[in-house]
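Structures are listed in the sections that come next.
Below are two complexes that have chain A in common, paired first with chain B and then with chain C.
And then the complex of A and B:
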């Protein structure tokens, strides 16, 4: 029940601060670009777009969200409320995962690149949760937006570079253990989609648990005192 | 002038504490090295693979343009993040009532970084450009790129009420860069649909080597800056 309320609160927050309008605009823009491209490029371009934007949304926005909550003393209220750290993490991950998945489905359906809807949807959702969890881990430890931007660069490089190399032909089988590559295989709906799904679940759970531990620590020390 | 320099020093201290200063200095250098040596290497590999005489070579000028814009853009991005934080924490309001003033606040946060990055852009471009640039063109483009970066930062800080909205707007502000691509990919008169974007005129100046494009580039830049400044000024009161 609490998670549901937190989730709805986060969705309202995202609507209020324009996430939905911005992604409506970006969806239209991406779809327009996809239609301007030659049809044989469409699948690769759509995968690249979904991977680099809606799926990675959490890593981009989480710093601003948590810093804003810190400055508005939202976290202080959360800390003394019955909300558990895992509920806070879950709500953040699910709410961003929700909008990411909607945007990815819109791009996928409009450009007709979805071959296996189950793998496509779960892939985007899990990857979004993974990115958000990583974003949350960094966001809890920073005090300014610039710090967050700098802190996320290594994570972005580690996730994006192998995935893009894979997309453009560097396909060694061991790379399938990489979460970004697992998402690409899920989006493509390839024959290795099932192992990719399992790998992505493991990565997402690992980072979600890690994020929960760090949020717990942060909530214990908001306002400069150990609760 | 002293309050402005003090305010600027405060900004520099802030971004050096966040390590953003080092990133802003190092990232354009890495990009320049990649553009100068990586792109021709990639071009040779691609041409060999597809058996074509040129693939990326036609767009070397575009890479140079991105290099010219990168330093001021990154520096002003760091500035806009600082301004967003300071606005959220009411610091910008306090600074605006000190001798720094509203205008001075923005000068120290945006104009000084843009000026410094103008020189950095000229140096990077003269050392690492892929195409030949006459000095007047290089100076004009780097100056316009700095103005453009100020404009993008103003867009972010004037259209957002807090950090979260700021990040959202900064995502959209990337669209302002689209103008750079237009003269390279749209050859019909449809390209003039993008004439409200200063980036379009900057690219046109380089693509056509027509120095007259400086006028609309300046005009659109100052128009945007004027409108956005007024908006931001209202936010500070």
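And then the complex of A and C:
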């Protein structure tokens, strides 16, 4: 199965290019910080850390991954292979989602903040896929890391600001439709976790389909032979 | 293997590829020669199914390129001019990954052995020389044993020895029955490797024939000889077909007075310039 081959290839790529070491470093750092904080802060701090890092890492890592693939012209070979754009997107989202979820579980278990494991795990996984899809959409259209960092600033603001405001008390019910807030509710295992899960699934699917269309265009533009 | 009929394509309102028709038969090495911007890249993108909004008919391996399915790529291989490999993975890991994207897979150690890279299989690609990367890139295109190969400037930037290795690899693939589309600026490679070549300029095919026919039909072989006359070295040039009629040459031969004699043919580049008014390189 090609998606499995792509997924394994992506995981190998992420290990070889040092992504897993970065995850390991931040996991240890965050767990250390959580233990240094007073116990009453731990839940909020853990949610903030999981939201801003393992869940959001796809946004940044996707830029790096696609830029590496562009600079090494690997996408040329992908474009003239039987790989379908949706398979490429799926393997990228699943590979980042996989490691993000493991890191989030490690932080969650270490800080003892997981109350409803199902909502916690699916929330982190879906949110990671959502962020990765957004990262992929930007990464397909840029050619340098600087461009990527600048391009993603508006997305980061739109995703982070309402979620952080919610976390610190600004809790209007309509904000539940925001994907970041949906994740916070899932991490907390609150009474609105189920609707939050549905909202997050819809957002993730929407951006994954959007990313698939953009990847399709990108593969067509890079795959030709430049003479 | 490939059939192109009345192909038209444009990026803007102005036509870029105009009324192009040709056929490539199985087992043939077919060369595209032309200066940069002539349309070779666009033509190759159309043949590999990446540009689909063309008019006319483009059939590759029995499938219309514009309506191709992804399985279309199971039977074509492309060797790009520049390596398209993960630099931090080893040669073996690269080949294993790319092979995993296809249904049919050739034996990786055998391929590595065929290009003399088996002992460097576990070395990172970033530690490879340019020649090694070119050979690795070449066998990457063969991983799924495609019937049709697109080679883009396969000897570009290689030293004479690596260039020879690459040309022998291409010829061995032809011997194995592959059909090969070679895109190049290098007239010597085209003359040596191609069964037929198409000269492409401004999106049109200006000539299409075997290199030998093109050379012979447009330029006669010539003889240049030198001799001493009145104490000075002189030279003369005649067409090969007029040798017996050159009384002066005959006299010089009979009297053993020739200093040197050389025959020469025009190159494919000369023919290209004559036919198109453009330089290849």
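One rule holds in what follows: the second predicted complex is superposed on the first by the 222 of 227 C-alpha atoms of A that agree within 3 Å, B and C clash if a C-alpha of one lies under 4 Å from a C-alpha of the other, contacts with A are read in each partner's own complex, and residues count from 1 in each chain.
Keep in mind that, in the parts below, contacts are C-beta pairs under 8 Å (C-beta built on N, C-alpha and C of every residue); 3 or more make two chains touch, one makes a residue touch a chain.
Everything numeric in this text was worked out from a predicted model, so none of it was measured.
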Requested in this report: Have a look at where A:146 lands relative to chain B and chain C in the superposition and call it first, second, both or neither.
Outcome: first
Requested in this report: Determine, under the contact definition given at the top, whether A:5 touches first (chain B), second (chain C), both, or neither.
Outcome: second
Query raised in the report: Thinking of the overlay built on chain A, is A:25 touched by chain B (first), by chain C (second), by both, or by neither?
Result: first
Requested in this report: Please indicate which partner A:39 is in contact with in the superposed arrangement: first for chain B, second for chain C, both, or neither.
Outcome: neither
Report task. Mind working out whether A:117 is in touch with chain B, chain C, both or neither, as first, second, both or neither? Result -> neither
Requested in this report: Tell me which partner A:65 touches in the superposition: chain B (first), chain C (second), both or neither.
Outcome: first
Query raised in the report: Counting only touches as set out at the top, which of chain B and chain C does A:17 meet: first, second, both, neither?
Result: both
Report task. For A:83, select first, second, both or neither according to whether it touches chain B, chain C, the two together, or no partner. Result -> second
Report summary line: chain A residues where the chain B and chain C footprints coincide 13, 17
Report summary line: Touching chain A in the complex, chain B uses residues 14-15, 18-20, 23, 78, 81-82, 84-85, 88-89, 162-169, 171-172, 175
**Report entry** chain C residues within the chain A interface of the complex
**Finding:** 36, 40-42, 44-45, 48, 50-51, 70-74, 76, 78, 80-89, 93, 97-98, 100-103, 140, 150, 152-153, 183
Report task. Flag every residue of chain A that touches chain B in the complex, lowest number first. Result -> 13, 17-19, 22, 25-26, 29, 60-61, 63-65, 67-68, 71, 144-147, 149-150, 153
**Report entry** Of chain A, residues touching chain C in the complex
**Finding:** 2, 5-6, 8-9, 12-13, 16-17, 72-84, 220, 223-227
